[in-house]
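After this come two complexes, each holding chain A, first together with chain B and then together with chain C.
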Partner chain A sequence: METSIIYNWSQFTAEFTLVGLASIILMADCFLKKMPKSYYALLGAAGAIVAACFMHNDEYHNQFSVIAAVATGLTLLLAYDYRKVTCEAVSGTDSEEGSSELYALPLIACAGICALTQAKDIIMLFVSLEVVTLSSYVLAGYFRRNQGSIEAGVKYLILGAMSTGLLVFGAAWYYGTTGTFELSAQVVQLMFFVAEPAMGVGFFLGLGLLLCGALFKAGSAPMHIWIPDVYQGAPTPVSAFLAVASKAAGFAVLCLLILPFTAVLTAQSDIATVEYVQSCTLTIVQCLAVLTGITLLIGNLGAIGQTNAKRLLGYSSIGQAGFIMVFLVNMTDTESQLHIANYLTAYMLATMAAFYAIAMVRTQRGSEEISAFRALGKTNPTTAFLITVAFASLAGVPLTYGFIAKFESFCAIIAAMQSWGMLLWLTPLLVIMILCATAGFYYYFKVIREMYWEKPQPTDAPLQVPVVTAGVLAGCAILLVVLGTWPLLTGNL
Partner chain B sequence: MEAAISSILFYLFAAIAVLSAFGVVASRNPVTSAMCMAVSFASTAAVLFCMGAQFLGIVQIIVYAGAILVLFLFVVMMLDVKSEESTLSRLPRAIVGVVIAGIFAGMVTKAALLLPGATEGKCPVAALCCDEACTTDTGATDKFGGPLPALKETDTKEISGTKALGETLFTQYNIAFVILSFALLAGTVGAVALGRKIRKD
Partner chain C sequence: MIQNLPWLFLLLPLAVAAIDWLFFKKCACCAAALSILSALGTFGLCIAYLTGLCTGTPDVYTWMPIATEGMPSLSLGLLMDPLAMRMMLVVTGIGLLVHIFSLGYMKGDTSNHSRYFAGLSIFMFSMTMIVLADNLAMTFIGWEMVGFSSYLLIGHWFNKESAADAAKKAFITNRVGDFGFLIGILLTMGVFGTLSFSEMGTGTEAIPTAVLTATVLCLFCGAIGKSAQFPLHVWLPDAMEGPTPVSALIHAATMVAAGVYMMVRLQVSMGEGAFTETACLVIAGVGAITAVLAALMAVQQDDIKRVLAYSTLSQLGYMIMAVGLLAGEAAMFHLYTHAWFKALLFLGAGAIIVRCHHEQDIWKMGGLGNRMPITTVCFLMGTFALIAIPGFSGFFSKELILDAALEKCPFFFWVGAGVAALTTFYMARLCIITFCGSARAHGAEHAKDGGFTMSMPLLLLAVMAVISGFGFVADYLVPFEGFHAHGFELGLPFYVSMGALVVGLLLAFVIYGCGKRSKDPLSGNFISKSLRERLYIDKFYDKGIIGILQECGARTIEFADSAIIRGLFAQGAAWFTGKIGMLLSWIQGGSLRAYSLIIGIGVIFVIFLLAYTFPSL
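On to the complex of A and B.
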């Protein structure tokens, strides 16, 4: 199999534009001394949203890059509203000195994610994943005066380096057994039908190690260890970026690794070969099912005891990753990428709104604990309602988009049971999913309970909702409700 | 005979590289760690030479052993390194770590031994063969890919490894190479952002 040039320059226009914009911001930071640095956040956000629109319409990028670009735009808007805390944490004063990299680096990371979604071989996958990872290390530790942020940066660096190491080792095994870096159905086909069976062991070892690297980004077990500490310690906009854009990157890699098998599975015509391929891929499905179950349990049970809102969202992101991985367990589904993108969209709208709420409460009440949300229902009724919609969607309350997403996830597991029949493996997973969906109601509603059932303290003034935060909260809540009720009205689930 | 010596040298340098890499982690003294790392880099370069990738070997020495390691040592010397406190309390954790690492190493070894021809000292995949004899031996010819261009070209002695490497980098992997520069940009910006002098109030 002769490898050839499989990319062309024009398909990377969006990436180059994003990095160009980041360079412009860095240059402007050097030469335009009088310009308020927080304007760069608005410029970057505008650029990312335009890039998202552009990528939505071109033929090369898939849904993940659009999600990542929108998430980057929302991250930068959040960074704009969070500028007061940023200034304190970076320079120790009100001066904005040294805060502009926080607005440029997410754009570079976003370019990495967009390049990643177009990868067809491991080289491009690794290179663009490194762009994301390196920018994220810096972003996580950006608040140098804040102990938590430094801790987050160091922990992320060490664990991230380990996962990169596993990924590269996996790439070596992949190349060693197949002789190509290409990730395609053709390679899987050759592996199953032409190569000696003993080669398959090495191939699957390589694939497993590559999966470890992807699971690290997606935040699933067994590579989830970093999530709670890093989300809690990192600057809130960065936590939002890691929770949404970086997770989208992880699932893009998972799709790149798993979907070739789906293609081979669905391409077989006669029963004998179908059974043969099924027996080859059975191990992958079993592994994914076990990992999904563990991820769901760790995320949802871990979230129950949390009192810090960012840490809660960290565990919640592990739990949600579990629900997304269910789509990959249903390996015979050719449209799983679409379902994953749907789920990620629901997750993005709700999680972003939640992080905006946390940032707003942190800026004005100085705390990221769940108790800092106390009595928002009395002091700011409208905002409290919008935040309620976001958390209800994360929990999967009917009439929100989160419900539709979780519903699809349950459909996927039932479809998997029908097509694979591995009831011994998949029934426990279904039970775990039901348990975890229920647990979600408990811990997401802790925030809602705090807002409506707690009494305000005498010192609590109503929060001043910044314009950007108000707009994004309202937009996310409206989208969550509209997208959540529309399919019910049209009957088009 | 020539092949035998080159194999012996390959395994010798590979063993030194792994052992000294272990020394980097195991040593308590940062200077010893850094020196172990230098040995590891140098023997990795030697391994690359054995595989016929001279240019990569030289780059390995110049960039890693030459530039990066000197920087490491410089930082280690500048910092006031205190001796580490006793780590007896970490013993259970160390045992767990060793067990996990052992299982992983066993898994990898088992998979490597299962590869066709592995126990007879043959190269299981045509793609990894540097000489023709081994390609024809196993019959694993071109089911999958060919040798890496950087290795393939040095065999014929017509084009130098450097040229082959450059050609690969600037044709097939050109775009990936450019994307990689984004990572360098992010790294540079990050180093500036995190290393900037903090103003004392």
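On to the complex of A and C.
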């Protein structure tokens, strides 16, 4: 089969800009010795936000690139507030020497994600995904004087390499059975209606391997295993980046893989072909449903016993990924990409706020344990309230955006039950979702409980909230509440 | 755009309430000024629409679209028919006067005035919502909102325990009625297929009588709660713990009349056919029982506001009775005249209370006639209207109700006449003790008339109490479509009500003389005691129902809490998930080789799910 995919240079303007900005930062690091390195973080953040605005209005990029760019911007701002810890962990002194790559690499990774969302074939997908992954390896192990960070980097490298291998292997199977790298409804159509039946098994084998590669980025079972260790060990801004931007990349790949099937499903007109295509795609839905259930259970049950806030967020990111995958289980929904983007937005706002809080507590109280949040409700009432909003949104408390997102997720599973006519088959997944949403209240509220119900220790001084952190926390909390309340007022849930 | 002007009726007070609450917490003058301006604005707007200066129907805004076939979407719309607009005149007119009176009344009070005026504004918003609602869902929202604002205002002096308790009692008692109301709304939705008043009238004949009766009676539950009818009347007398202007506005003129308004609105839009015989009998019966019981209890009250509160109850009973007799126009006529003269009586009582240093016991007043002439004259005007002396507004409306009762069911006519005699008796008693004779306590000795902000509303209301019953006013203002005051005719009702008036007056003057007595000659016996104790109904609710419910409820909940929730769910689930968590953290042990193994197994699992269970293409 002939491939006819053409990419324009012009559609990669934003990506080139981001990479260019990263190069400028690296050059400036070499030649402008007197410039404080942390300014690069601000410069990079500004660039990422501008790129996000630009991509929001252009026709090539979808919502995932905007989310990734905003997340990158927030990551860099967080890195700015985190510079003190960075300096200690990189150079062992107060000197900022050698810390500027931390501000440049997220931009390159972001460019990779943005290119990824435009991919129409596996080659483009693979190359851009590797841009993200390679930058992330360096970032995860960036604190070279910190053993946890190095361990995280190594683990991420080895497991990531495995997943890359699986991806390439899957690509080979894909090419072998279809004769093309193109990811489109056309290929699926040909596969279902024209190709030799025996090819189907090979095609689905390839698809399974490709899915594994994507699930690794998205942090879903069975490829979730790296997440808790890496999130806990990596520098906090990097954890935030992995939790949001990298996860968005994973779901972008999942969408690229699954949406062609949705297109074929919804394009059929007569009953015979509809039933035929449904029977072909049923295995994908079943597979996704099983994986979603496992992901939800692992993420939410694993989070219950955690005492480290970053590790908690790691498990939380697995659990939330489960809720997002539900949209893909509802495979007949042509708008699932939009729903995923909505959920990711809610997740990004809350998770970023949570990481900012962790970074602030780590900088001033020297600990990333949940117990370090003790009595913030007394010492810093406003900040404690903003953090509460973020965690409440993660748990899905009504009047926050997280509730709307979870609500949509439940709507999706019910729609899937209806459209596939297999109520019994998907009911366990629904039950698991309900249980996991409940469990979420338990472990997210551990932080809130720590802030309001614990007594302060005599040595605890009120935290000095840095300007950037205060702004981001307030912005995230306000957005979460406004976006969570607005649909209730207008009734357009 | 211009046709959407009526939305200001709702938005203006709501915005003012929000601004008062959020920004003018410290600046009571600004809050008061804003609230008064908003009341003035809505009053002006109301006049403009009544006189035809402004016209047009406002847009309907779909609030919650419901896609399902046959289900009505929830919409927000304003129904601007004469019934609603004339009711609005009563609400905004009395509202405005009460706002102004409050300035004088609250002067010198140390509580937060911004809170008070914000409460008044939010009440105006909620009441407008009820009056202008074009569907039952919106009515219900307003219904709950007035309950909330009434809660705020009754409990305005929340430091006083009795006020806080009264607020709670009012709120909870209303919940009981609202529960029935909500069921009624759902029934309406099911039976009529719509909640909109304008679409309800069709297809009543096809509905079984029993279903119609149930629907109407469930909706009537709402009116029982809000209009304080027997057996949910207990909250209204306690609500007198609130500031007196609030009692005048909410617990006499407008909010408590909302039940009557709602029932008449239903009668108009569903058609009288929807009110089946059984339903009518129940409604009229409840009204009559309330009228009699409340009038009896009023006879032995010593607190000036409580006498008025029971009198309000009794008059509301009258109105509900008229609704049950399918005489909506009589009910609305009485609602309208009652609103003016009862507001007048309450504001008059408020003026007296303030000037007697917050003394409410009539046995500690006396001889106020000489010292507070303006207040006394106004109060007497209100009393004359209430006891239906010919020529005063209350006479015309009461006559209309008695006429209707005689025509439909003579039993209710005689009940009405008896209540009229009782009304005359207790109001005469109140006036004699308060205004005649000499002061019985120190506070009453130096009382004098209030200032302009207090006298002006009294005088205006007194004028309305006198003239509002005559045809030249009533024909234009009574909130009922096509209302014509037909004056009274000499006949049985007239003679009977005159008889009741004379009997009541004579008895009062014989028993209480000219106000020289210092204690009630009727007190001390068993009947007086039980009347004072409100026929033990409140006690029965407290000890009997609430006590038993709480005891049983507490035991059940305690069991559920300790055995089921704590034992089974909390600890059981915690143990179980804890074990799973341990298993997971054992897997997550940190060994890279184990991780790789898990990934490998996972990949094989995915491929198994996808490719091995794959149906042959």
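The criterion applied here is as follows: the second predicted complex is superposed on the first by the 490 of 493 C-alpha atoms of A that agree within 3 Å, B and C clash if a C-alpha of one lies under 4 Å from a C-alpha of the other, contacts with A are read in each partner's own complex, and residues count from 1 in each chain.
What we mean here is this: a residue touches a chain if its C-beta (ideal position, glycine included) is under 8 Å from a C-beta of that chain, and two chains touch if they have at least 3 such contacts.
The model shown is predicted, which means the values in this text are computed figures rather than measured ones.
Trainee: Between chain B (first) and chain C (second), which does A:127 come into contact with in this model arrangement: first, second, both, or neither?
Mentor: In the superposition, A:127 touches chain B alone.
Trainee: Looking at A:279 after the superposition, I want to know if it touches chain B, chain C, both of them or none. Which is it: first, second, both, neither?
Mentor: After superposition on chain A, A:279 lies in contact with chain C alone.
Trainee: Scan A:233 for contacts with chain B and chain C and give back first, second, both or neither.
Mentor: Neither chain B nor chain C is touched by A:233.
Trainee: In the overlay, answer first, second, both or neither for which of chain B and chain C A:302 touches.
Mentor: second
Trainee: For A:211, using the defined touch cut-off, is the partner it touches chain B, chain C, both, or neither? Pick first, second, both or neither.
Mentor: A:211: touches chain C, not chain B.
Trainee: Per the contact definition in the header, classify A:176: touching chain B only (first), chain C only (second), both, or neither.
Mentor: Only chain B; A:176 stays clear of chain C.
Trainee: Please work out whether A:104 is in contact with chain B alone, chain C alone, both, or neither, and reply first, second, both or neither.
Mentor: Touch partner of A:104: chain B, not chain C.
Trainee: Which partner does A:287 reach: the first (chain B), the second (chain C), both, or neither?
Mentor: A:287: touches chain C, not chain B.
Trainee: Does the superposition put A:201 against chain B (first), chain C (second), both, or neither?
Mentor: both
Trainee: What's your read, chain B or chain C touching more residues of chain A?
Mentor: The larger set of chain A residues in touch belongs to B.
Trainee: Check chain A for residues that touch chain B in one structure and chain C in the other, and list them.
Mentor: Shared contact residues on chain A (touching chain B in one complex, chain C in the other): 195, 199, 201, 205.
Trainee: Flag every residue of chain C that touches chain A in the complex, lowest number first.
Mentor: 62-65, 74, 577-578, 580-582, 584-585, 587-588, 590, 592, 595-596, 598-599, 601-603, 605-607, 609-611, 613-617
Trainee: If we count contacts the way the header does, which residues on chain A are in touch with chain C in the complex?
Mentor: So the residues of chain A in touch with chain C come to 154-155, 158-159, 162-163, 166, 191-192, 195, 197, 199-201, 204-205, 207-209, 211-212, 221-223, 225-226, 228-229, 279-280, 282-284, 286-287, 290-291, 297-298, 301-302, 304-305, 439, 491-492.
Trainee: Help me check something: in the complex, which residues belonging to chain A touch chain B?
Mentor: Going through chain A, the ones touching chain B are 1-5, 7, 9, 12, 15, 19, 22-23, 26, 91-93, 97-98, 101-102, 104-105, 108-109, 111-112, 115, 123-124, 127-128, 130-131, 134-135, 137-138, 141-142, 144-145, 153, 173, 175-180, 187, 190, 194-196, 198-199, 201-202, 205.
Trainee: State the interface residues of chain B toward chain A in the complex, per the touch definition above.
Mentor: 107-108, 110-112, 114-116, 124-128, 142-146, 171-177, 179-180, 182-183, 185-187, 189-190, 192-194, 196, 198-199, 201
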